[in-house]
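Structures follow.
What follows is a pair of complexes built around subunit A, which joins subunit B in one and subunit C in the other.
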Partner chain A sequence: MEIILTIGLDALCYILTLLLVSIGLVIIFGLMNVVNMAHGEFFLLGAYSVVLVQKFGGPFWLAMIVGFVAVAIVGLIVEVLVVSRIYHRALDTILATWGVSLVIKQAIIIFFGPASQQVVTPFQAPAHFFGLVYPSYRLFIMLISVMISLCTFIILYRTNLGLMVRGVIANRHMSGCLGLNTQRIDRLTFALGSGLAGLAGVIMAPLMSVDPQMGLGFFLPGFLSVLVGGAGSPLGALWGAGLVGGGTSIIAAIKTPVVSQIIVFSMAMVVIRIFPNGILGRNR
Partner chain B sequence: MLNIDCLHSAYIRGANILKNLSFHIKPGELVAVMGRNGMGKTTLVKTIIGLMPYLSGDIRFLEEKILGRKSYEISNLGVAYVPQGREIFKDFTVEQNLLLGVLGKKKKVSDFDLAYQHFPILAERRKQLAGTMSGGQQQQLAIARAIIGKPKLLLLDEPSEGIQPNIVHEIAATLKQISATESLTILLIEQNLELVTRLVDRVDFIENGQIVHSVDVKIIHEDPELVARFMSV
Partner chain C sequence: MSNHNGKSVISRRKFLQTGAALGAGLAVSSSVGFPTILKAANEPIKLGIMLPFSGGMELFGQQGLQGCQMLVEEVNAAGGILGGRKLELVIADNKSDPKVAVERTVQLIQRDKVSAVIGPIASALRDAVKPTVERLKTPLLYATDYEGGVCSPWVACYSPLPEHYVQPLVPYMVENFGKKIYLFGADYSWPQKMNVAIKDTVAKHGGEIVAEEYTPFGAKDFSAVLTKIKDTGADITLLTLPGADGVTFIKQYSAAGLKESCKLGFFGFNDNYLPGLTSEESNGVMAIVHFSRVLDRPETKDFVARQQKMFGDNATISYYAESHYGITKFFVEAIKKAGSDDKTQIMANLPGTEVIGNGDVHLRADDRHVDLNMLIVEAKDSQLTQIKYVGKIVAPSQCG
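And then the complex of A and B:
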């Protein structure tokens, strides 16, 4: 019984973690259609903001704010200097943002060195409930992931700002003709997506070894979740994260992590083949 | 109100679609531009609203130079646009479409009640997804979305395309009324004589990117040959 409960919690935790790292991708890749190869490095910058803030003795919540704001600003700069010139030129975007990713990674190695950094985990005492002992930081991640997803969803679907963002994405020229400053809205959207990638990095930092390669392990399944669920809709990402994350952790509990990755990735390919626009996706 | 002189406009550098075009509208005037397919009618309105990449010449709106300005700036000066093919936001509700006609305006003057009064069908369908409405209803939505921000000049590109006659008549009457009560100037691109004769005061004919003839609408009533000369293939 307890084992099943633990596996269930682990699966839920992994799903929500995937959702957390996918939210920024949903906005930049899913909604804006930009393949940003530097997304993993934005995540990385978020994680290193924890290192930096803790170096100065700052608390974790401060790192969350710093990580979000700093990476949003980096995203804004990348949009202005690089991406804004090459929207709708997919190959150019991939190449240019790949260049950006190399620059960021090298900059981090220059400032922090290639070795992995130690980060202090907040909420160290384990939580006891239903006769179970579970790391409280993982519970915190689940909570925060739900909260961030909910906030993003509300901003996109329940506010005038979100309506403008979605309007510009649906028809940029017409939105401009209605008086919307499309360039400014693009910038804002890209910055928001980047900031969310940074925030995900902050939150994941205590669980991982913070080193220049850490982004990789999550971005493949992250991209996969967005694709499986349907790139055009945030609800799709929820489905995708559920299937990819849930599948991976449950099979990993029965077999081994490697086997589970192989199975889930192949299944994901099949799903994408059958539903090219994702399970919830309409034609984009 | 709108003064266009020596305008050249192209999609591809060097390949001018509009060639040395001049065109003027006075405040409160209702003008139609007619011409055969591919003569540059859509290109003309796209140029005015700032969607064309390669331009030279002069366009002034209310004495302000707008050639080369961004669409959102031109829109904020008081030019509204109903494109050929409507381009409503299909996945958004009627209400959200109208809201997008307001949110970008610096002065957020809007009058939802007035828009719904002019187009009652939209009031009934406020919460319906725009893409699920009929062509005529979508066209009314596109017009309502354009006028809700209180423009001074309305550009309409073939609003009667694919719409049944009784709705066309309804739209003509509504536009005539709005133009009178809101002192709205209208530039109508049309091939449909029904709408032209019901709505405008003046008709200009475009051929190979130039305005080649301009007549009072009364002449059109008297001399159907004239239209045939500029419209038949």
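And then the complex of A and C:
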């Protein structure tokens, strides 16, 4: 019983981690339709902002703010300088943002060196509940992930701003005719998505190696989650993360991590074949 | 041995350095008009460095280079070899990429006319360039721990093999921490061959393997495996998961509170891992190395002091620096013994015994691998501390 509970908790934790990591992707890739190859590097910048803040003796919550704001600003700059010029050229965005990712990664290597950096975990004592011992930081990640996802969905679906964002995405031309500043909203959306990637990096930094190559690790399952769930719908990310994250974690617990990766990736191929727009995808 | 998941990137600085080296090479070879004898006497002996300086494994490339550079400087300061000929390094970046490694190796040999090539780090790159150095009949000097089995007249390895690691550490851990062992590693050849050796040794010492498991490259969440380790009640986890994934694993292992109940032995762990971990995370991780800067031996202290003098007090002095210094030393001694920089002569004269950073190291004539002195270490307060000095381990011939 205890083991089933732990496996369930592990799976839930990985699902929520993936959700946290892909929430920025949902906005930039899912809604704005930009394949942002630099997303992993935005995540990386977030993680390195923890290193920087801790170097100056700052607390973890400050790193969360710094990570979000700094990466949102980087995202804004990237949008203005690069992405805004090529929204209508999907393939070129891949190449351009890949270039951005190389620049960011090399800049990190120049400033911090290629080695792993030290990050102090905020909550170290394991939590005890229902007869289980579980790392308290993982519980914190789950909580934060739920909160951030809720906030994002509320902003997108329950505020005027969210309405404008969705309006611009649905029909840029018409939104412009109705008096919305589409360029400004694009910038804001891209910055928000980038900032969320940075925040995810901050939160994951204590649990993984903080090095210049770390961005890739969550980039692939993140993209996969968004594709499986349905790129057009933010709720799809929940489905995608659930399927990819839950599948990976549970199969790894029953069989081995190698088998789980094979099964989950094959499953994703089948799902995308049957639902080309993802499980919750709408036709576009 | 380490994993890498980076894309190859163009490093402009290395490109310029390589370009500069090419320029220097052309300048030397264009000094026509001199009588041949005189030219040979003045011409430096070139040694190609084919290590990663970008693409994900640059950390190890940089440290290896540190070893080579120190030896070259020492030899040149002492007046060079073969009657005053200087040593010259020609540095090429293999970008942690097998394809690039082959291109760079061909360039070093054919364009730069090096007498030997040092490198690479990863097994995949070494296997990729092996046919090239055999075809072009140039020594490849490899100085990283690996899975064993390379038997080529043109390759010499200053490498801890699975036997060097497993024979001392596994019995020590079984004796001190318990009999139930969980094996976990990355899914490629080095961990799998390590685990073959581990299983063999565990059986001999009355231990029991409760599970043997592998993970794909770049996995970032190990909670499923950690739960299983806890569930099996294993006394020891033996890890063969090099690089960033290993750092991630230690962080999560420590956060799960497993370190108290299940001792972690990490093959390939060394000083490079410590800056990426807090002392709480790394405390108690056991490993085995052939060199550590904390060794209380005169040659170790001397080696560390020389490295610090050349690269600053904060320089990382890991076994990559020691092993690359060591293989370069064997190369220089071989030229001295042969009295020539002829490549066949160099290979023939490589075997011998040298004191590098930890006791005398014997490079064997039959398979061109080394017998190394090993020590068991444990991480404590972000430092490796010596637990037990094991001494010389002789691995079986790799040409069997």
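Throughout what follows, the second predicted complex is superposed on the first by the 284 of 284 C-alpha atoms of A that agree within 3 Å, B and C clash if a C-alpha of one lies under 4 Å from a C-alpha of the other, contacts with A are read in each partner's own complex, and residues count from 1 in each chain.
Convention: a contact is a pair of C-beta atoms (placed from the backbone, for glycine too) under 8 Å apart; a residue touches a chain by one contact, two chains touch by 3 or more.
Remember, it's a predicted structure, so these values are computed and weren't measured experimentally.
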Of subunit B and subunit C, the partner touching more residues of subunit A is C
Would you sort A:80 into first (subunit B), second (subunit C), both or neither based on which partner it touches? neither
In the overlaid three-chain picture, which partner chain does A:144 touch, first (subunit B) or second (subunit C), both, or neither? neither
Name the contact category of A:163: first (subunit B only), second (subunit C only), both, or neither. first
In the superposed arrangement, does A:105 touch subunit B (first), subunit C (second), both or neither? second
Touching partner for A:155 - first (subunit B), second (subunit C), both, neither: neither
For A:116, using the defined touch cut-off, is the partner it touches subunit B, subunit C, both, or neither? Pick first, second, both or neither. second
Please write out, lowest number first, the residues of subunit A touched by both subunit B and subunit C across the two complexes. none
Within the complex, subunit A is touched by subunit C residues 4-7, 9, 11, 54, 56, 58-59, 62, 187, 213-216, 218-221, 223-225, 227-228, 230-231, 244-248, 251-252, 255-257, 272-273, 275-278, 280-281, 316
Write out the stretch or stretches of subunit A touching subunit B in their complex. 160, 163-164, 166-167, 170-171, 173-182
Could you list, by residue number, the parts of subunit A that touch subunit C in their complex? 3, 6-7, 10, 13-14, 17, 102, 105-106, 109, 113-121, 124, 126, 133, 135, 137-138, 204, 206-214, 216-218, 220, 248-250, 252-253, 256-258, 260-261
Complex contacts: residues of subunit B adjacent to subunit A: 49-51, 70-72, 75-76, 81, 83, 87, 89, 91-92, 96, 99-101, 103-106, 145, 149
